[in-house]
Amino acid sequence: MYYFINDYSEGAHPKLLEALVKSNEEHLTGYGSDPYCASAKEKIKAFTKVDSDDIYFISGGTQTNMIVISTMLAPYEAVVAATTGHVNFHEAGAIEHAGRKVLTIPSHDGKIDAGELKDYLATFYADENHEHMAFPGMVYVSHPTEYGTLYSKAELTAISDVCHEYDLPLFLDGARLGYALAAKHDLEIEEIGALTDVFYLGGTKVGALCGEAVVFTHNNAPKHFLTQIKQNGALLAKGRLMGVQFDALFTDDLYLKISQNAIACAMALKKGLIERGYHLYIDSPTNQQFIVVANEELKKMQEYVAYGFWEKYDDTHTVIRLATSWATQMRDVEGLLAMMERH
Amino acid sequence: MYYFINDYSEGAHPKLLEALVKSNEEHLTGYGSDPYCASAKEKIKAFTKVDSDDIYFISGGTQTNMIVISTMLAPYEAVVAATTGHVNFHEAGAIEHAGRKVLTIPSHDGKIDAGELKDYLATFYADENHEHMAFPGMVYVSHPTEYGTLYSKAELTAISDVCHEYDLPLFLDGARLGYALAAKHDLEIEEIGALTDVFYLGGTKVGALCGEAVVFTHNNAPKHFLTQIKQNGALLAKGRLMGVQFDALFTDDLYLKISQNAIACAMALKKGLIERGYHLYIDSPTNQQFIVVANEELKKMQEYVAYGFWEKYDDTHTVIRLATSWATQMRDVEGLLAMMERH
Amino acid sequence: MYYFINDYSEGAHPKLLEALVKSNEEHLTGYGSDPYCASAKEKIKAFTKVDSDDIYFISGGTQTNMIVISTMLAPYEAVVAATTGHVNFHEAGAIEHAGRKVLTIPSHDGKIDAGELKDYLATFYADENHEHMAFPGMVYVSHPTEYGTLYSKAELTAISDVCHEYDLPLFLDGARLGYALAAKHDLEIEEIGALTDVFYLGGTKVGALCGEAVVFTHNNAPKHFLTQIKQNGALLAKGRLMGVQFDALFTDDLYLKISQNAIACAMALKKGLIERGYHLYIDSPTNQQFIVVANEELKKMQEYVAYGFWEKYDDTHTVIRLATSWATQMRDVEGLLAMMERH
Amino acid sequence: MYYFINDYSEGAHPKLLEALVKSNEEHLTGYGSDPYCASAKEKIKAFTKVDSDDIYFISGGTQTNMIVISTMLAPYEAVVAATTGHVNFHEAGAIEHAGRKVLTIPSHDGKIDAGELKDYLATFYADENHEHMAFPGMVYVSHPTEYGTLYSKAELTAISDVCHEYDLPLFLDGARLGYALAAKHDLEIEEIGALTDVFYLGGTKVGALCGEAVVFTHNNAPKHFLTQIKQNGALLAKGRLMGVQFDALFTDDLYLKISQNAIACAMALKKGLIERGYHLYIDSPTNQQFIVVANEELKKMQEYVAYGFWEKYDDTHTVIRLATSWATQMRDVEGLLAMMERH
């Protein structure tokens, strides 16, 4: 059986486990005040070239999105996202449960368009009744998107410009940010830091057991952010669990190396799929590949590969996702490709 | 100046004020427990032919929508509405502020389509990841819609059937329900009672100073609903304010008569507009008429008529709303039409 | 039957109804933007000597408390109140439903003590773990209190000083503020304006059908406060309902005159009760009088007076409340006293 | 330096780390659907003798309290707890942030009293205005309490009886439950299962890196509980992190053994403290010991022991907490005692 179902079906990269084992007996203070958290923050500052001390660790992506969005927005404000944005679709209404509306604009392979965003905002303020509507209060993008696609530097700059014009913070969900940086890209991490107001470096899907590192790019964390994390139930007593892991992830470029391995495997997979005549649903440069497969073939595939169901394509075809991770090896890709049909 | 800006720019129908004056010195118990509220409920039961004691008065439409939706839904459930539904657009995020998501399906002149609703629900449950999404928990329709249109009996029956199939309560926002019943229609009030789980008879926009009468159609009000109204800050100490008004509204068919006057005026207006060559934006059978007007003409109109801005049509045209109310008189319609251009 | 059950069992003062009738046919803009609201605000500015334009009308007390507290506090902040404060006890958890905690300090006949408040705040900040607790974010007092008592100028000044020291806004619930100003008092309305950050002049319990006038004392209303009222479902389309009433209430000193009548009646009642040997539960200078009555006597009283149950005193006695209102007349007091026993 | 500051300052018990390392490469499904979670649940069922499949893992105590309380209560319901209850004091208002009120009754060394609970409930329902108040909807106890004390079987049975009488679920916060079971006690785990409706076996403070195992004792988890965990941001993608740890904790009695070690150390410490003439603030039978120390002595202690600040005792004395954990060894106790003064 080959496992390409997602990027969170194995445990942690071995170096993270080693670090956990090595530090295990140390007596450390709780709630993120330990030296591993401090060291991880310094390394993340160096990696991102962001000059800000407001870096926090939160255990998962939905939790991070919910806390960042609800604490940065006033109650009467809403977050603007693509219809396909994770915050709109796959978080069980967490944003709304926290009292904030998600306003949607069109998704283009998972991405929003700066022009459409600007039109949306202009239309909102032109509406004489806009005081009876939730105000657009921040903009959410994911990078890579839920469809594996990436923003170019020009695209994110244009979005950032619109945000500045309307005085809206820009939030980048980087649950899989490592894969963006390891893929063919023209948007560098320091540019992300400069163009956004807050973003995160995902750990859960890039080799950690859990944890996302939230970076407020200009010391702009919401007031008493630690208390607000606690109030949302998300403050781990043993903050070391995330501190030690992120410290290891950002030692010796491990975060990038993990991501590079996943991308190399994904590109080999993509190449092989194209060679075998598969229909790519989206042309993704990152670790998630989407193909359209006939339902009959899918039945056979279930015997040799664990894949992710994505969505119904038509009555006889389905879109599936094949994802690579820190644990994927090139021989897994080769093995899988050897099993797959040629069309 | 002619006033067609909306249906809430005058006070109450004189008979309601008379009733308030007449009952003013009476010592009545508070919070809706007075005999006027009781009498109003009985008259509403008779009018709607609904055999249910769960009838409540809440002071405004957004408040009613927010309370009904948030108390009928579990936290993990969302309300399904048209993209143009009042709950999605013009309530400042009140539903989300109360913790519930609004899931949207297409709007057809303000209405949702039973087939699209069914597809939406089928797709939701077919999604293997639907436990990671907010569950559709109730369906919201407005009647008349925000565009003045009406559901036919067949249309609402089809929606109700889908709701039953998926065990979802159906909620009908009747902020302007009187106008639906006074217009040319084939959906009777008793059918609304039979097809929905909860609906309301709007007072604010049909001749009252404030108040909506919420009817849970089969004694199915959420548990301790009075306490939940209080918890939302919406329980008036002097509940008589709504009891006396609704008692008067449902005495001697006043609710219908008010509505019939508004509809007669609106139909005369519509006829005149068509004769004068105006472009109807939507073919509305109720008290709200929408026309597309050139921006230049609009400037002149501002001198003789108060209208409602609706939306930009194109760079040189605007959609405006002309609404009639209990206070509109036929001579106002004639006067306005006399001022308007012929195209 | 004599009616002393509460101060909201009759309708509105006749002058308010007259004003509603007189203005009824006028075409007015909605949502509080009409000239009556504007005029009422100017009169309230003059009455309170507060130099602030941030004056809003909200239909009831619980709604006002909920909206003011939840919009002025950050999510991680809580309101400090007496254990007996209306926000803690009799609002069905509305403050918490809006996501904010109520922190309680002792009640002294309904009042909080500046020294105890200061100790509470000092203890909070001295606690090394206070970042794991809800932060005290504002202070709530009611004046008159739920027990009819009043703060002296010295008392409120001391509380205000503590608030300034800790940078906490001070909120005064004036649901019955008129009665405080008409009673024997040494705290003037302009002092209330100077000592607090926000307070309200209650209408519902001082002669209006509904409505409270919220005064932010230094143009410090929360941002987009109108939208936030809407988001809480509390924005009436026919804002005139409150504008016209408050305009009348603050014309020719009516607000004070209504209150003075109620206080005169209450003081005559109190005097008569003392003469008849009744045990005052609290020495209240305002329109609410609390007496301890033997349960046996209470049974007889039920035949001639409508009173308010307050609380059990002991196994054989009960505390009841006798309240006067705009509608109470001196002959009602005399009539009631004539029926009551001498002890 | 000796470390007695709390029970979460070291990492995980080595056997848990071993299990994480050993299972690390396995491909497992996410969100708690893996075989380790399933195995852990079976072992917990056996350990607790609870016949219920509704067992869930949530990463921390505050998160668990917030989710359990807010999903089991209707919006109009509140949780009844001791004033000193963790949910009332040290969770940054998480319960209220989730919209639910905490109603408090007196704390007796951290415990509530069944008689006082019953009186509270009886008084609530006797209040004619109770529909204007938040309804008591569940009862919260912690065991051990925040002060290290334990309920006897008789005490918890009496509380459970009152809960049954008023149809209120009983929730036991077992963040340190292992220590209760390892201490001198007369309340067995199967009795806890029988007397409560939901409780949890804390992992974070009993040898795990994170995680609490919530047991709904009679298949009574709130509907779609997994979705509700997700909606609160608390569903870990790599659910294995908790599954593997809890599976190890409940293998070969490790949970009890960890706890027994901590209790043995705590009892030796307590004995030594008494011998040295220290004033016990509370007579705690569990892993947390509280002593009153003169502030001058405290300064010296800071050089050789990490302790927990608890609260100010008087102007010259402080209450401190000394806690043992899975990692405490008897020689640490002996070493600490050797440093401590004799009084």
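Worth pointing out:
Order as written gives the chain letters A, B, C and D; numbering starts at 1 within each chain.
By our rule, contacts are C-beta pairs under 8 Å (C-beta built on N, C-alpha and C of every residue); 3 or more make two chains touch, one makes a residue touch a chain.
Please read all numbers here as calculations on a predicted model, not as lab measurements.
Between A-B and B-C, more contacting C-beta pairs join the chains of B-C.
The greatest centre-to-centre gap from subunit B, using C-alpha centroids, is found for D.
Averaging C-alpha coordinates per chain places the centre of subunit B 50 Å away from that of subunit D.
Centre-to-centre spacing of subunit A and subunit B amounts to 42 Å, using the average Cα coordinate of each chain. Look at where the CA atoms of subunit B average out and do the same for subunit C: the two points lie 34 Å apart. Annotation for subunit A: residues touching 2 or more other chains are 75-76, 91-93, 97, 99, 131-134, 227-228, 230-231, 235. Considering their complex, residues 75-76, 78, 89-93, 95-102, 123, 126-129, 131-134, 309, 311-312 of subunit D touch subunit C. Within the complex, the subunit D residues that touch subunit A are 1, 3, 5-6, 8-12, 14, 17, 20-21, 23-30, 59-67, 91-94, 97, 204-205, 209-210, 227-228, 230-238, 240-241, 306, 327.
Partner subunit D is touched in their complex by these residues of subunit B: 31, 70-71, 74-76, 99, 131-135, 223-224, 226-228, 230-231.
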